[in-house]
Amino acid sequence: MKSGSALTWRLIPNRYRLIGSHCETCKENFFPTRPVCPSCRRKGKMVEKKFKGEGKIYSFTTVQVPPEGFELEAPYVLAIVELSEGPRVTAQVVDCSENDLGFGTPVEMVFRKIQEEGKEGLIHYGFKFKIKK
Amino acid sequence: MLVASFECSETSKLQNSKLFKVFCLVGIVGFGACVPKYRIKAGEIASVWGEDARRIEDGLGILEKSVPALDEDAATLAVEASRNALVYSGISAKEIGAVFVGSESHPYAVKPTATIVAEAIGAAPNLTAADLEFACKAGTAGIQCCMGMVASKMIKYGLAIGSDTSQGKPSDALEYSASAGAGAFIIGSDKESVAVIEDTFSFTTDTPDFWRRPEAEFPSHGGRFTGKPAYFKHVTSAAKGLLEKTGTAPKDFDYVVFHQPNGKFPRMVAKMLGFEEAKLSPGLVTPVIGNTYSGATMIGLAAVLDEAQPGARIFVTSFGSGAGSDAFVINVTDGIVEKRKKGVKTVKEYIEDKHYLSYALYVKHRRKLKSL
Amino acid sequence: MQNFKTSKLETVYCVVVFMRRVAIVGVGMSKFGEHWEKGFRDLIIEAGVQALQDGNLKGEEIDALYGGTMAAGRLIGQEHITALIADYMGLNPIPATRVEAACASGGLALRQGFMAVASGLHDVVVVGGVEKMTDVSTAEVTTALGGAGDQEWELFMGATFPSIYALMARRHMKEYGTSVEQMAAVSVKNHLNAAKNKFAQFQKPVTLEEVLESKEVSSPLKVLDCSPITDGAAVVILASLEKAKKYSDCPIEIIASAQASDTIALHDRKSLTELKATQIAARKAFQQAGVSAKDVDVAEVHDCFTIAEIMAIEDLGFVEKGKGGKATEDGFTALNSDVSVNTSGGLKGCGHPVGATGVKQAVEITWQLRGKAGERQVKNAELGLTHNVGGSGATAVVHLFKKC
């Protein structure tokens, strides 16, 4: 999907640096940023939280039929990664094939191009993961 | 051999140099490299063009080169190298007052790479940032910018990066060498440096040995003209200038790093200047990763700093087509021992972490097919 | 928490007491498939005319229209689709309302229609579901369907719907030992049923080997584990029970309607091997109707992927959690077995024009409960269930149906 400048810009802290939220009431962590704690609602107190970018593979797949904008990259490994601080995220795992990983494989965040809008549009960057050696 | 904690003012042989008095206050606080995982062998490329693989390997001194992943560009490589440098230095990204990214393959023609890096490493927003371009020496130009700003106390730390995903036209000699990688150096006060930058000297002329017009996909070059009047003249001039300025001779150094467009030129220039090959080898990575352009001298220096012991002296000279060379005298301090323990991925580890591509996959990675 | 939930259900129960009873009086659907020659309007009109004829109704007897479509904006560039449908069906000036909850759009439109009649606001309403998917490329469809998930944090990262269900399948395989053969068994069963349904997209059975050897879409899911890209429409006409008897000899009563929501992103759920929204909607529906899962004779469940049917029959309570794969392999859900699941062919065999699916499920159950399902008729079918899911389970809606 094409995203305008403002959309991609708004999400830079989350996508570049893994900024999420921490609820001081229930001590739960969330990624990405949430304005309201879904458990505590108005009793919650959300503060900014930077995640370290380390985690483990919770589930994984290889995408063979990609959506628009990912044609060149397919096949690629997509995973749900459980961050060491708790929340899970969906992201690509790069520089490997799914045979190189399994449930619980430790991974670390890398900074990569996620999508680019043709040859003239914006380049969207963000987090992906690679197997931690 | 000068040791790390040498006093800059009185003992120096270059008391008359104003520059020296300033520069002795700055050094490398942290550094990091990044080389993509993918490689293509020179022989694989040679087979496509009916060339003799052995002749290419011997002639260029390149056995294989790095190839970026489909989602890597000069910005992502710069970010990874910078994150490594930050971890190595142990400083807070917020203390970085300037970010300079040198590249000839900036992802955007207009829109800085430096802002992407500054934002990704958490250095933004209270800093200055800019992109630099000077063919293969834009990274060392960034180091000089940071040196001046740190020495003048404009900033506490400056981050200089050389990063490229360079392209060579299919079948051109450049196709065997143009590769991808980045080196990042955090410049700060000499007191907390792992290596003090004792002095620098540059040599610059307008020499059109290699260029790329805005609308051109691949660079053009002057063939053999890139050698003697360009690379050799500028590298030797800058090197000799600095040797003279610092009153040193090749024998005073433990390591030497030259810009390495291939495996041959740096060996030849080392010989011309009188540096022994053993001093060159630790920082000569082009034979196994290719020419990473703005990253080349930076990664070579990083490779040396990965193994150099306190007290070691390093002589560095970059080269950028167009043309110019920046030379540096760098002295390793005791501080390197502790910082090395942080286990930041070394150049050697990057080199060894590799996966070979066929020429067909390489073409896809570099988007050389018309429809890509 | 438990007390809170109970009290909420009691409230629902109280409301049910005052609600009017609602029945289906007419159904119709277009053939599901690749309709190169037919557009969005043709499809919904075809289904609508059939439903009116089936219910022996005149257009002027309709009080309101509810339409389910997921992505008309992306797929045919048309929003405001219910006004268009009312216009082309000649139903102006009745109120026409679009309902959207990704692949559960049809099921939710049915629930809106049900509530409108049950509340007494309207006596007769038409509920339509439609999607025209073949006017754009597969990549565009993949992207449009992706909108059912979290655009910024799943789709942006390169996730597709097959990949999101593949992530669930991988966990189900790990946690319960579910095998690719068991998933393939869902496809084999649903294709077999589809072959007996002239409205289905696929008219041929497939073998286990064919499923297992089909091209991988997102490991471990293969093409024949996935529902296809389909054009189609389905319509049901609802009326209050008193009025229903006037139009139909055999009105099919909707005895329960329940819906629940969950996180939009799959990764935000504690478990990837269950759809909480399905479990909650099912529990509420069974409570409303005073029946249990084992009473269900025929069920149309949301098998957008084979793993989805395995999880659905577990979450609906037909089998224990983790036993869905084995149960399918053992024939528990085959036609005229313990519970006949997806007699229409399901999303897999009959096709999945996303907005139409939830309504088509009600059409199939109506035919089954009327005893008019032909070759695929479930013997003595009395209690039917439909289960429609939006996205990866952020929305689930369950309806129960009974012959009057």
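Read from first to last, the chains carry the letters A, B and C; within each, the first residue is number 1.
As a working rule, a contact is a pair of C-beta atoms (placed from the backbone, for glycine too) under 8 Å apart; a residue touches a chain by one contact, two chains touch by 3 or more.
Quick caveat, the model's predicted, so the values are computed rather than measured.
Chain contacts in this assembly form an open path, with each chain touching only its neighbours along a single line.
Taking the mean of each chain's C-alpha atoms, the chain whose centre lies closest to the overall C-alpha mean is A.
Per-chain CA centroids place chain A at a distance of 31 Å from chain B. One inter-chain figure worth recording: chain B and chain C are separated by 60 Å, centre to centre, where each centre is the mean of the chain's CA atoms. The multi-chain contact residues of chain A, meaning those touching 2 or more other chains, are 73, 92, 114, 128.
Contact of a single residue of chain B with at least two other chains is seen at no position. By the touch criterion stated above, chain A contacts chain B in their complex at residues 12, 16-17, 50, 72-73, 92, 94-95, 110-114, 123, 125, 128, 133.
Of all residues in chain A, those touching chain C in their complex are 1, 3, 11, 32, 58-71, 73, 76, 78-80, 87-92, 98, 103, 114-115, 124, 126, 128. Residue ranges of chain C in contact with chain A, taken from their complex: 138-140, 142-143, 146-147, 150-160, 162-163, 166-168, 170-171, 174, 215-221, 265-268, 272. Residues of chain B that touch chain A in their complex: 37, 69-73, 75-76, 79-80, 83, 107-108, 116, 119-120, 122, 353, 355, 364, 367, 372.
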